[in-house]
Structures are given as structure tokens and as C-alpha cells.
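In the two complexes that follow, chain A is the common piece, with chain B as its partner first and chain C second.
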Partner chain A sequence: MIDRSEVVKMAALSKLELGEEEIAHHQDTLGQILDYIKTLDDVDTTGVQPTIHPIHLELLLREDVVDGVLSREDVLKNAPQSQNGKFAVPKMIGDT
Partner chain B sequence: MSMQDWEIVIGCEVHCQLDTQTKIFSGAPTTFGMEANTQVASVDLGLPGVLPVLNEKVIGFAIKAGLALECTINQVNEFARKNYFYPDLPKGYQISQAELPICEHGKLDFFLNGQSKRVGITRIHMEEDAGKSSHLSGKPISLVDLNRAGTPLVEIVSEPDMGSADEVVAYLKELRAIVLYLGICDGNMEEGSFRCDANVSVRKRGAELGTRCELKNINSFKFIKDAINYEAFRQVELIEAGGLVRQETRLYNPDRGITFTMRTKEEAHDYRYFPDPDLPSIVISDEELEAIRKELPELPAEKRERYQSSFSLSVYDSEVLAADKHVAQYFETSIDAFSKTPKITANWIINEVLRETKASDVGHFTITPTRLAGLIALLDDKTINGKIAKTVFEKMLTTAASAEEIVSAEGLRQVSDSGAIESVVDRLIEENPDKVEQYRAKPKMLGWFVGQVMKAMKGKANPAIVNDILVKKLNEEPK
Partner chain C sequence: MDLSFKALRRSYENGKSVASVLEPLQAAQKENRHNAFITLNAVDYPDFDPSKKLSGIPIALKDNIVTKGIRTTAASKMLSNFIPPYDATVVTKLKNAGALLVGKNNLDEFAMGSSNENSAFGKVLNAHDSAYVPGGSSGGSATAVAANLCAAALGSDTGGSIRQPANYSGVVGLKPTYGRVSRYGLIAFASSLDQIGPLSHKVEDAATLLEVISGYDKNDMTSAKKEVPKFAKFCEQGVEGMRVGVPQEYFDIDVDNPHLSKGVEETIRASIVALEKAGAIIEKVSLPHTSYAVATYYLIATAESSSNLSRFDGVRFGHRSSSAQTLDELYQKSRSEGFGEEVKRRIMLGTYVLSAGFYDAYYRKAQRVRTLITRDFEEVFQEVDMLLTPVTPSPAFRFGEKSEDPLQMYLEDIFTISCNLAGLPGMSIPFGESEAGLPIGVQLLSPWWEEGRLFQAGRQLELSRGVE
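Coming up: the complex of A and B.
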């Protein structure tokens, strides 16, 4: 089990509104996941470098050349609302 | 209250937009000032299934910044996701660097009022810029333009080593000069290519660090200075009245000269950084690092030193000339064309050239460095005197003719013929016995005679010879 407050905080960070029942549910299921992962705590990792990427791939680079620009029409195609060629979103508080 | 009892402690975070053609992880262009949402690729939109591919220029640019600031370059470093929700960040995370940035533990030395100052560089990391949002007053919506989303940045984080607004401005000017010398950033503060956030706190002298406020997005050196001074004053006043400084982000209002709390939704900042699984580790080989090291140009500090040691310039002159790479280039080209009197060349650039043109535009100045060298050569071989040189300079502003051509065409050659000068002097002495009397009592009157000779000879007389002849003749016993 994890604290109710932790679930509430994570929900807020993820912009989710959870009801009381859902909070209790996630306390339980997230707790179970964390308990399961805790198994790893039993492994002695002294002297072992942290694994950042489980698969070692070479980083591919691209040349600094213009490519793949979308038309403004396409850019805004999935936007529920746009205005003056810009995405229109619910008002953000702040900045000015 | 007295600011004397208080110390200001400031650290800076500078965001430099890297001067690439395309974005850090997509091929969309980074051109400033284009119509909204026309510089956008699917990666910048964060569409499902897209993958970021790193722009090869970005690593080299970040390493150059690191080497110029004497950092350790982490030859294995990582991109990480910084998670937060905001409409100008479509993916829901910014690709940045967290635990393993590309550069760490550097320093920057600069001069302020003749005093050397060192600021530690905590780290430099690569990241993508966010889009830009605007808010319409009285309407329930905000508008988002993603042209800037994905523009490559390096963030240069300093240690809290600065103790005054003047130190911050000197640090920023030196840093800006360096990124311009390196050619990695255009340094345009108005367009936001070079942006500074300052963390400001105050403490009683010698006490523990106080709580800091972050001043964000200030876009001129003057505003940075004013904002820091206001903010330090505000904090001292607040504490002395028994209040507590709250850690927060503040903005600066230049019209009112005050800082104010940035209104944000109350939320805990918890970015939950983790390595970006889409981007493998960045591995920099010794060979790559050495190749980039070799590409580094001579930097402002090295130029200043060389100007002082090779050309015997003053600290001030070398600072002015080295502060902008275009000016330094102008100076050096001019010296290449005429190398005998670097101090004179420096004076002409600082006093005359930079009065006529902005430092950044000096590369396009109508009097090219070679033309200026021609003028200085004429001064040096005494073809013209200093006063006539200024006249020739003025004329050079409006024609393409060389200094020599102007001097010839206008008959401005200096008269060093002592016979010609003597006859003018003789006549002057004869016509002005009263002034000669005055001179005997007051040797300062010599200036009047010099002026009269110059006037009679249309400013073309060799002033040294005029002086010699005048002194000789005026001190002769009356006949």
C-alpha cells in the first residue's frame, strides 16, 4: 500500500481527477506493483554501474538539413480548436 | 535599513539558442519571426509513434561551449525526460539532460572595473525549447505557436558566485561574447536567442544562504541589472520588516521597474526525470573531442591578453576591441594592412569608427579596415596631421576613395616646409606686438599663436614644426 497523498499527488501531476473509490483502488494496485518491484532490492548491486539503457544501441545523428516540415493546415488538423493559425487551448493562468 | 549590512548572492541560468538550420530532433527549420506553426515537423508536435533523431551539429556546439568555459566534457552523457504538462510542450515532457549533462565543472574569468573575477560553471546541458503561448485578455483561451518547439538550446548554469548586478552583467556580456566568437549562438537577446534567469537571494554578511527567488526571462542587460537591484532591495526590506522570502519565480516589469510573482497554478514541481528511452547514450570519442578542440577560435580573454602583450594596448582598449568579434576582426585586419602603430589604430577604431557604426555592424562599415589603415599610414608618415585626418575620415564616410586619393585631390597634404611656416610666423609676430608682450608674461599664449598659424595655413601645417618655430621666434630678443 502507498499513502493516499502520494496517489493524489501523482494524479495531480498527470492532470487526472480521481474519485475517492479510484484513489483507494490505485493505492492498492500501485502498491502491489511497487511491492513486486521491491524484489530487486534483494539483489546486491555493490559496484555495479546503473543501467541507463537495457539495450546498447548506437546513437544515430541527422545532418542539419531542413526536412519533413508540415503545412500549417496539417499541423492544426488534429486541434479541436484553432485561431489565427495557432492552437487554441483553455486559458493558462500566468505568464503575463 | 542599510544595504551595507547585506550581501547579495546571485547565480545565473542562461539559455542559448544554438545557431542551427534545423531543430534539435527534427528537420523543421528554426527561422525566427515566421508565421505561426509553419516551422513544425511531426516530432515537434509529439505525434504518436514519432522518434527524435539528434541534429549532429548540436553535440559539437555544446562541446565548444564546454571547452571555452573550461568544463570537463562527459564523453558519455544522456538525454532525460523532464515531465510536466503545459500546452506549449506537446509531448508532455521536455527532452533535456539531468544526471549526466554533456559538460560540468567549468569556470569563466572576466574583468570588472579592472578587477579579475571568476564565476564557476556548474554544468552545461543540451535541451529542446518549448513553443510560445500568448494569452488574450478577456477571453477564455490561450494561443499556442509551436515554431519554437524543438529549437536546440544549451543551458549554462553558473554557481551562485556573483555578488552584485554589475557582476552579473559583466558575466553575461563575457558569456555572450564567447558564444558569438564560437559561432554557436547569434546572441540576439530581443529575439530570445540569449536568455537569462537569475537566482537572487540576500543574507547578512557571512550568514547562511537565504531563500532565493528566480527572476525569469529578462531580455536586456539593463533590465537584468535593474531587476536584480530591485529584487535584492525587496528581499532586504521584507526580511528587515520581519517577513520571510518565499521561494518563487518572479517576472520583471520594466515599465514599473519592479519584480512580481509569476502567477501559476499551485502545483508541486516534480519533474520525475528519467533517461529518455528513445535516445541512446551520447558517446564522444577522444578523436572527436580533439577535432573540436582544434576548431576553437581565439577567445576574448586570449585576445585581450595578446593585444596587451603584442601591441602594448591598455586594459580598456583591449577590452573594447575584444568584446565583439567583429570589432576584433576589424582591428586585426587593419593592423595586418598597417602594423606600425597599433595603439593609434585602436584609438581610431574606439573613438571614430565605433561612433559611426554599431559594433555588430562594423563588418559592413563603409570605411573598411584596409581603408582605415591607409589613413593611419598617412598620419604616421606625416603626410597629414591629426586634425586633417579627422577631415579625411569624414570625407571617407561618403566616398569610396582612399585616404591618399582624398588628400591628393583636396590638397590636404601637411606642410612641413619650415620656410613656409616661418614666413607665416614672422608676419604674425610683426602684426601682433601686443600678443607677443602678453606671451612673455603668460607662456600659455602660445596656443593662440599656434591656432593663428594653423588657421592661416588651413590646418595643414605640421603642428610639431609650428610649435618649434613659434617657441624659437617668440623667445628671440626683440630686434
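Coming up: the complex of A and C.
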């Protein structure tokens, strides 16, 4: 179980709105998971390099030419709202 | 009907039309008794073209692989109306090889789950017994193959999402080496772990499919410039002299390791005997960091997913809330309405472990343990050519059995996730049955880029069970 305030903070950072019931549920499940994750504290990782990527990749460069660009029309087909060939969103500046 | 690639090819060579093979399959796909499909594709019936490796072969795709002009949902309300403007690289490759793309398979939302109970399009039923889960997250793909609705399917595997449902559903499932297959057009969950791979009736079909979908792709900078071997040839090579390691940690029981069920233990023992009989040398080996894999995985995978899923903001594509007044509300409401519970949980956990004050203690720590887990494999592969392990501690479980307890659900992945953390190839092959008649598979893991060995041993296991 973690504090209600922690779940609220996690949700805010994640841009999610949670109802009271959801908050209570996540206090419980996220609490259990975070407890479990603490088992990693038992591992001595002094001097161990972190793995960011599982295989060693050769960094490949390409010619700096544009290709395979999707058309504006195709891209905007999936937009919830568009105007004048651009994505449209509600007014950006709120009252706060 | 035998839907293995060889059998289909033989029928076409003997003059059977593609339509006569496809029509009954399409009728069953339409009926969708197991809810394995979210969207069906209108397929026309081309003539058989012997020059193409997959001519006339009906293949299904997990619905997190984008298809131009065909709705791709990731089983999420967020993408319920998304029609991709381009094809994933694997889709282009399948089309070029003559495959018929019959439809899009159900999955756990954004590939997050082990039971296929997390789909916005309803759960998928196990093809062997509808009271049981098919596994996840590629549950629809595994069921579509197991219920004989297609010849094979492509799934994606981030922590076992191909091998575990293959195991629960009695089909072959392969996760290739990280970088073997382009991820371009795979809706990203955890980018350092995700890999696309085949689910099929036979080991040889998985090998053939891997040949088709592998290779460097300029659109995926993490795809590797590696030669693609003729994988199917390995199926004929046997296992004489092959050193097969059995990691003891996978059989030891402690608080973190759920008990191995009797059926699983017996299946593993039988598979060891079968390989030994065929000339393999079995050795006990150790992977000492196994018990830390689940914790490591759920830190890294959720951190990466929180970043990947930040693109779903209601602006450019996907669900947009109709009640938002400001931009911030647009983000929050669109995401809250569009994502299901498990996806929200993982985004929150991932955001938390990446946040200021926790990054080093959680995320950086997990990356260091990931190095130790990888080192275990590097060391063990100095001694043996391959590993043989259970796929999961138990066969398929019943609906609802674990869905209220996410941690128990995560622990189900104990034997499959190390492979993703290390980037190794792994395969699940059906080999036994539980008392309730549910399929049980065994997992083979090989060193990086040595998928060929999986096909050698996998085919040997099939032969020992009398699979043609």
C-alpha cells in the first residue's frame, strides 16, 4: 500500500485523471509491485555498467536526403480534428 | 486440414486453388468463436506462384503491427479507429513473399498482459478449452494458429508475449534475437525489449517465416546488419553432440518462484530424455540472477512504455476526449478515456521510476542488474550450446484466476523475460499435456544470432513426438 498522494502524483506526471476508486485500487497494486521491486536492493551492483541496449550495434549513417515521407493528406486522415491542413487543438492558454 | 506450409504448398502444386483453401478458413475466421481476430482483411485469391516462398499461405498479424489501409488498434480504445498510412516492414516482406494477410489478431492492450484479458475488444478464448486463457499478449495470434484459422501468425514478444501464449495454446512460438527483425511499424511497448516473431504449427514453418521477415532495415536503426541464414535447413541437422544446459534456478523453488506444476516438470524431463536419446549432451548449469529478472523487467519495460505511450495525447491520431476545454485537459481526458487499467498502471509505474529522486534507485539500478543477468548468459554459453527450460511454471490458468492480482500475473513471466533482457532468441515448442488436457511446451534458448540451433533441437523434439 502506498500513500494516496503518491498515486495522485504519479497520475499527474503521467497525464492521467483517476477516479477515487481507481486511486484506491492503484494504491494497493502499485504498492505491492514497488515492494516486490525492492528485492533488487539485495543485488550488489557496485562497479557494474548499466545496460541501455541489449546488443552491440554499429552506428550506421545514411545520406542526408529526404525519402519515404507521408503525404499531409494521409497523415491528417487520422487526426481527431484538423483545420487548414494542420492539427487543430482547443485553446492552448487556460485561465490559470 | 493440415495447414503447415509444406502441406499447403503440396496441395497448390497438385492443382488445388487458393480460393478452395481460403474460403473455409475465412468462414471460420468470420465466425470468430474464440475472439482471436479484431479485424478481418478482404483477401482476393491470387494464383499460386511457385517462385514465391509463401505463395497462398494464409498469415494473421497481431494487431499491434501496422497495415496500410487496414485498421490497427493495439486492442485499445485509444486506437479503435486508427487506419495506418503505411505498412510495417514485416508486412511488406510478407506481401513480397506472396503471403495472404488474412486479418489482425486480438491481444492484450498495447501488448501489456499475460492472459489476453486486457483487451478493449474482449478476451480471447483458449482453443483447447474456452474456460482457460490463451496466454498473452499475443493470445489472438496463438489461438488463430491453434484453432487452425491460419497457417501461421506474427506476434511480438517483449517479456514472453510470443512464447507464453504459444505454450498455453500448443503451437510453436519464436522470439528472434533482438535486432534480427525490423521493428518499423510495430507499435512500441518497450523498445529495448520488443521483437516481432512467428507463431506456427511446425518448427520448420517458424524457420521459413523467420527467413522472410529478418534482415537489416534502414527504417529501424536497431535492426542489425547480419546475414540471414537459410533457417529451414537447420531443421534437418539433428542434435548429435549438442551441449544442452538445464539451468537449476528454473527448477528451484523459493518465495519468488511459483511452484513448477507436475505436468510441466514431467514435460521438461521427457524433453531432456528425448534430446539425450538423439545424441545431445545434457548439463546442469546456473543462472544465478534469475530471481531478479521479474523486478528488473517490470522497471525497464514500464519506464520505456511510459515514454513510448506519451505520444498518445489526443492531438495527431487516436482517441480525443470530447469534453476537454484546455490543452492539458485534452491530454488528461483523452489518455484517461483511451487507456485501460493495466496500461495506466504501467505508464504510472514507468513515469514514477523515471522521475526525479527515483531514477537512480529504481531505473539505473535495474539497468545494472540487467547487465548481470546478461553476463549470466554470456558465461553459461561458454559451457553449453543451448538452454532448455520450462516456458511457464504451470499450464494455462482459468479466466479471472490472476486478473485481480497484477503481481501474480507478472510472476507468470519468470522463465521468459530474462531472454528479452539479454536480447537472446528463444522458442517455445509443444511437448506435453496437463492432466486437464491443456498443452505444455518447453523453451529453448540459444546464444545471440544462433536461432538455427533452436530449429535443430525444436525439430528433434517434434520428431520424437512423431510429428511429421
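Observations on the structure shown:
Simple rule for what comes next: the second predicted complex is superposed on the first by the 84 of 96 C-alpha atoms of A that agree within 3 Å, B and C clash if a C-alpha of one lies under 4 Å from a C-alpha of the other, contacts with A are read in each partner's own complex, and residues count from 1 in each chain.
In this text, contacts are C-beta pairs under 8 Å (C-beta built on N, C-alpha and C of every residue); 3 or more make two chains touch, one makes a residue touch a chain.
Note that the structure is predicted; figures quoted are calculated from it, not measured.
Once the two complexes are laid over each other on the shared chain, residue contacts for A:K86 go to chain B alone; chain C is not touched. One of chain B and chain C touches more residues of chain A, and that partner is C. Of the two partner chains placed by superposition, chain B and chain C are both touched by A:E58. Residue contacts after overlaying the shared chain place A:T29 against chain C, while chain B stays out of touching range.
By the document's definition of touching, both partners, chain B and chain C, reach A:V75. Of the two partner chains, chain B is the only one that A:V66 touches; chain C does not reach it. Of the two partner chains placed by the overlay, only chain C lies in contact with A:A11; chain B stays clear of it. In the superposed pair of complexes, A:Q49 makes contact with chain C only, with no contact to chain B.
Judged by the touch definition given at the top, the superposed model places A:I37 against chain C, while chain B stays out of reach. In the superposition on chain A, chain A positions 13-15, 52-53, 57-58, 60, 62, 68, 70, 75, 81, 87, 89-92, 94 are in contact with chain B in one complex as well as with chain C in the other. Listed in rising order, the residues of chain A touching chain B in the complex are 9, 12-15, 52-53, 56-72, 75-76, 81, 83-96. For chain C in complex with chain A, the touching residues are 81-83, 85-86, 177-179, 192-193, 218-219, 221-222, 224-225, 256, 289, 291-292, 294-296, 298-299, 306, 310, 313-320, 324-333, 335-336, 339, 341, 344-345, 347-349, 351-352, 355, 362, 364-372, 374, 405-407, 410, 420-423, 448.
Considering their complex, residues 6-7, 10-11, 13-18, 22, 25-26, 29-30, 32-34, 36-37, 39-43, 45, 48-55, 57-58, 60, 62, 68, 70, 74-75, 77-81, 87, 89-92, 94 of chain A touch chain C. Chain B meets chain A in the complex at residues 20-22, 26-29, 35-43, 45, 53-57, 59, 78, 83-87, 100, 133-135, 139-146, 262-265, 267-268, 270, 272, 275, 277, 279-283.
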